[in-house]
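Below: a set of structures, written as structure tokens.
Across the two complexes that follow, chain A remains constant while its partner is chain B and subsequently chain C.
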Partner chain A sequence: MSFSVTEPTNRIKWVAGILVVGYALVTIAPLLWIVATGFKSGPDSIAYPPKVLFEPTLEGYVNLFTDRTRATQDMLDAAGAPRNWYEQIARDQGTVITGASRYGERFLNSVIIGFGSTALCMILGTAAAYAFSRFRVPLKDDLLFFILSTRMMPPIAVAIPIFLMFRNLGLNDTHLGMILLYTAVNLSLSVWLLKGFIDEIPVEYEEAALIDGYTRFQAFYKVVLPQAATGIASTAIFCLIFAWNEYAFAVLLTSGTAQTAPPFIPTIIGTSGKDWPAVAAGATIFLVPVMVFTILLRKHLLRGITFGAVRK
Partner chain B sequence: MTDTPIDKIARATPAGMARRIRGFSDRTIAWIFVAPTIFLLLAVNIFPLIWTIRLSFTDFRVNRPNREVEWVGLRNYERILTDPDIWATMQATAHFLIWTIVLQVLIGFALAYLINKNFRGNDLWTTIIVFPMMLSPAVVGNFWTFLYQPQIGLFNYVIAFFTGVDPASFSMIGDVNLAPWAIVIADTWMWTPFVMLICLAGLRSIPDSIYEAAECDRASKWRQFWTITVPMVLPFLMLAVLFRGIENFKMFDLVVQLTGGGPGNTTTLTSIDLKREAFEKWRTGYSSAYAVILFVTVFGLASIYVKALNKVKQR
Partner chain C sequence: MAEVTLTGLTKTFGANVALNDVTMTIPDGSFVVLLGPTGAGKTTTLRMVSGLDSPDGGRVTIGGRDMAGLAPAQRNVAMVFQQYSLYPHLTVRQNLEFPLKSPILRTPKAEIDRKVGQVAEVLQISHKLDNKATALSGGEMQRVSIGRALVRDPSVYLMDEPLSSLDAKLRADLRVELKSIQADSGATLLYVTHDQIEAMTMATHVGVLDKGKLVQFGPPREIYEAPVSIYAASRLGQPRINVLPADVFGGAPAGASSIGLRPEQIVQGEGEESRVQRVERLGDQTRLHLAFKSHDIVTVTDAHTPLKSGDIVRIRPDKPFYFDASGARLA
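Moving on to the complex of A and B:
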């Protein structure tokens, strides 16, 4: 092995490794605790001292997806034998299932609004980024700064007039309203990121295509888009994660039909007080997809979270 | 020269139509591509902003739409700037901002420095450390209330385990002295990875040759750290502080779920206060003025800071 003055010694590497792994374990502990609590029974979840080893149960997940009522012995007798495994779990807690909970709907809303706004944002954002990257747009720098500055406003501050505007347009508590809103919020990030990605594609490719008789549009979608695919995909995932996690607008502008999961999960309560296993189960289902995306995205993380200000 | 029929048609076509066949001009395409974005941003950002400014001079209330709206001039602004409660809110926000930034910069930089030592498996552990910042703050904040429960909460148990105090004797979110720290801890847990990632980018941008040169000059490791590493990472670090500063000034979701602004008003950050005024007390005019004051503060502070950042970059 060649000697390098900048390569840390093995001892330093060991110390650094141990410290970082130590921090990582502390930082991931609350997340593991969420996942674990989702599989605990009610009493186990609030036991003292906190239980690390416990008998796993699907109680939390059953409670998450169902509405139940506390049952007297008469009701239990009248209901007859449980028909399936989840009814059995509800009976074991002394409750009977009265119907499906709203979690499924809320989760579906998150999916519709998240993917809808991401798709729209990518279409508008890629086009705008291409124009900013390739053409002489009047007032380009001002427009780009304007696009960036829209991100500085506290959501609550713009929420008042948006609330009034949506009410007048009938967009309050609708999927379309939320999709448009999240698209607008995400556009600033997307345009900046995508412009960076498109800037890196050599103009010569398009010029060659134009000489070969392609129109601008053809050059755009046959030459530029395939080249920018990776950039577009990682930008899309950032937009999706934002829309997925957003809370402030969701809690103020939606209540019934279009409510997403983040405002809903904290409101989950059981038949007697806060049902932490159900909350944890809801959180687990909601958070795990993002963790998976984070692992897939780890190479592109930096550019997305810094608005493209830091490039590799 | 051969004259094919296609060439003849091409020559006979008027210039305007030829352009239309060939496609739109670049200028037209530029507008077609940019216009929808600008339109949407105007509709969802600028139009509401102008509306907010207009409302801020009135005593309009959303919950009483039929009432006569009066122009009150600058009275809303006057009332906000002289209200001691607002200053208490600002203080809570300042406490939150300063401590989260200090902790996140220190821990984030230290982590980046250690990860940059390139030990085996550092990619995997970096990804794990990044998890918290990718998750929904509201959902995670709500779960932190569970970790902070006296006695049964994991956080209290761990603290009790290491310090020997009774885990039921303190309540992070119920105590007026501890609650401001409860939100600082949760936010630091969540956002330290952000500062870490940016510092890491800074550290990785320093070319090895500079260290090699310093080594040739027999500069000590300590001196190398202060004269090479720190100045080279500083612009990145300042960028991270800018982003965190703006984000935490806007902070709403994590804290509202964690403490709801309580106990008392000890963790009522400006966004939470604004939400109460606008969507619980429905004082629309008053809260619009409040929102305008917040904008001006963020823009003002951010632009002063960006100037300072540019100076550091130029050095």
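Moving on to the complex of A and C:
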């Protein structure tokens, strides 16, 4: 069998381009639909046939961030004229704003728990991976297999023991509890991924640093970490995506203080009819942090995923 | 600079004895080359001196100070590795500055700039100082890693085949450069190599290691002219020494089991007949592969020799080495 190393012809490039763009459109369409729905009015969002062109409104976003009640004439009289644009939008729907919704808090919870567990996971994972990679650890292979085996079982299989444990420890519905849980779930992945990355860094660099007058920790910090940055970044993205999107444990273990956005978003549906634009707005905002994080680290991500395939 | 002593140094890795009771004194200002095939314990010796590994038994002193329990950073040694030596995330300048900026040295900025500039000039890498280390060619990388050792003023320089990955021309240039740097600065240098030219040209002393044992230690000419064993004799000399059963020429002393003949110990044109099998013309010299009583002998002859394969050449040993059954040389 022979492989062509010549430049592909223009026609092949066109076909490939169309296929790629077509596939991208197919995968991105639901996402675009959610984003678009967030800017639709209630009737537009459930119109049939579905509306592709519509008059954009911030109704969904206002509804997402506020609690409202159906306005009676007494209330309207009491409230007077709308004081700002979002009160105006609420009035246009025949409602008055009674206060801020919980979405802001829930979103903030997601940020704290998602990024907190990712950070903790990176610190513990890098330290453990470094130790497994560089030191003689008794029963190293068994320990590594044990760590991996925690990944083989679907986490939700231990939901009930974890629920009971959390209740006894008072970790139910706390940020700390959720951070610890997501860290524990992600740690196996991060130890294994990071060990692979650190294994690829020749030990000679650290030895050179030791001889150049640095301690082992300084050598780790100044020589190993910068070179493991690629691996740490891509591992962090995987961990964040899991913690950010996790739904089942969030439903089970949080209800108020520490509730994250995923279990909260569906509850919007029930608060005042089927408010699809508000749900879509909530989902859209929820997408942003992971997207930004991934875009910021994308250079590392691409290099990280192909790491080890090519000798540098 | 300082004298380095190794006393009864022993190290095993599992069942594998890497160093077996090695005792050697590396005099202040000397250039000591360790010779031996892969696995002889050369690199392990360097790692014991550097502190990257600790011996199972024995002692290392540098400048009279016992090194037991001291981390590499506390020993004030500089080391050049065979490869992977530059920090890939740093520029050439940052690489050279790295040891000077260590918490142990904390060199002032002006001093760093002066030293880095000076070393870069000697190694002809001044124009590459702001390149990323990974953007250099192999030869440049190795010069930078030698530079990273030279910016410091350590008790001893340790070099582990620093020139082996370079092409022949660069190797020759750097060989001369390293030797002159060492001679000028009076540095103590412990140097590992496979390359006998490096050993012969640079060393003030050569240590021959065999399976973790130091079998001979002395000036390179002494190792060459008075090897203690077949093994030590085979370390130096191109082409390698010919080792034949002692009785092939007759006149062997009692107890001799083999005779060792370097090319200059074979007189051509006298003695017994041998047949030319192959003539290798290397330019400056010509090698003859001879068949002598079912033994093969490789020797050197005049570059413009008219000999061709099938010819008959008479040969006679001249002050050969005799070795006993264990391979040790008979005095």
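Please note the rule applied: the second predicted complex is superposed on the first by the 276 of 312 C-alpha atoms of A that agree within 3 Å, B and C clash if a C-alpha of one lies under 4 Å from a C-alpha of the other, contacts with A are read in each partner's own complex, and residues count from 1 in each chain.
To be clear about the criterion, a contact is a pair of C-beta atoms (placed from the backbone, for glycine too) under 8 Å apart; a residue touches a chain by one contact, two chains touch by 3 or more.
These numbers were taken from a predicted model, which means no experiment stands behind them.
Enquirer: Should the pairing of chain B and chain C on chain A count as a clash or a fit in the superposition?
Expert: Aligned on chain A, chain B and chain C fit with no clash.
Enquirer: Report for A:Pro226: first if it touches chain B alone, second if chain C alone, otherwise both or neither.
Expert: A:Pro226 sits against chain C, while chain B stays out of touch.
Enquirer: Output check: A:Ile269 vs chain B and chain C. Expected answer is one of first, second, both, neither. What do you get?
Expert: Touch partners of A:Ile269: none, neither chain B nor chain C.
Enquirer: Considering only the touch criterion stated at the top, classify A:Pro30 as touching first (chain B), second (chain C), both, or neither.
Expert: first
Enquirer: Which touches a greater number of chain A residues, chain B or chain C?
Expert: B
Enquirer: Using the superposition on chain A described above, determine whether A:Ala100 touches chain B (first), chain C (second), both, or neither.
Expert: Touch partners of A:Ala100: none, neither chain B nor chain C.
Enquirer: Does chain B (first) or chain C (second) touch A:Thr215, or do both, or does neither?
Expert: In the superposition, A:Thr215 contacts both chain B and chain C.
Enquirer: Who does A:Ala78 touch here: chain B (first), chain C (second), both, or neither?
Expert: neither
Enquirer: According to the stated criteria, A:Glu207 is in contact with first (chain B), second (chain C), both, or neither; which is it?
Expert: second
Enquirer: With both complexes placed on chain A, how many Å separate the closest C-alpha atoms of chain B and chain C?
Expert: Minimum C-alpha separation, chain B to chain C: 5 Å.
Enquirer: State which residues of chain A lie in both footprints, the one left by chain B and the one left by chain C.
Expert: 215, 218, 312
Enquirer: Give the list of chain A residues in touch with chain C in this complex.
Expert: 202, 204-205, 207-215, 218, 223, 226-227, 312
Enquirer: Which residues of chain B touch chain A once you look at their complex with the stated criterion?
Expert: It comes out as residues 22-24, 26-27, 29-34, 36-38, 40-41, 43-49, 51-52, 55, 62, 107, 111, 114-115, 117-123, 125-140, 142-144, 146-147, 149, 151-154, 157, 167, 189, 192-194, 197-198, 200-202, 208, 211-212, 215, 236, 239, 243, 246, 249-250, 252-253, 257, 270-271, 274-275, 278-279, 284, 287-288, 291, 294-295, 298-299, 302.
Enquirer: Spell out the part of chain A that touches chain B in their complex, as residue ranges.
Expert: 4-6, 8, 12-14, 16-17, 19-21, 23-24, 27-31, 33-34, 37, 46-50, 124-125, 127-128, 130-132, 135-137, 143, 146-147, 149-150, 152-165, 180-181, 183-185, 187-188, 191, 215-218, 241, 244-245, 247-248, 251-252, 261-263, 265-266, 276, 279-280, 283, 286-287, 290-291, 293-295, 298, 301-302, 305-307, 309-310, 312
Enquirer: Mind listing the chain C positions that touch chain A in their complex?
Expert: Of all residues in chain C, those touching chain A are 50-52, 71-73, 77-79, 81, 83-85, 87-89, 98-99, 102-105, 134, 148.
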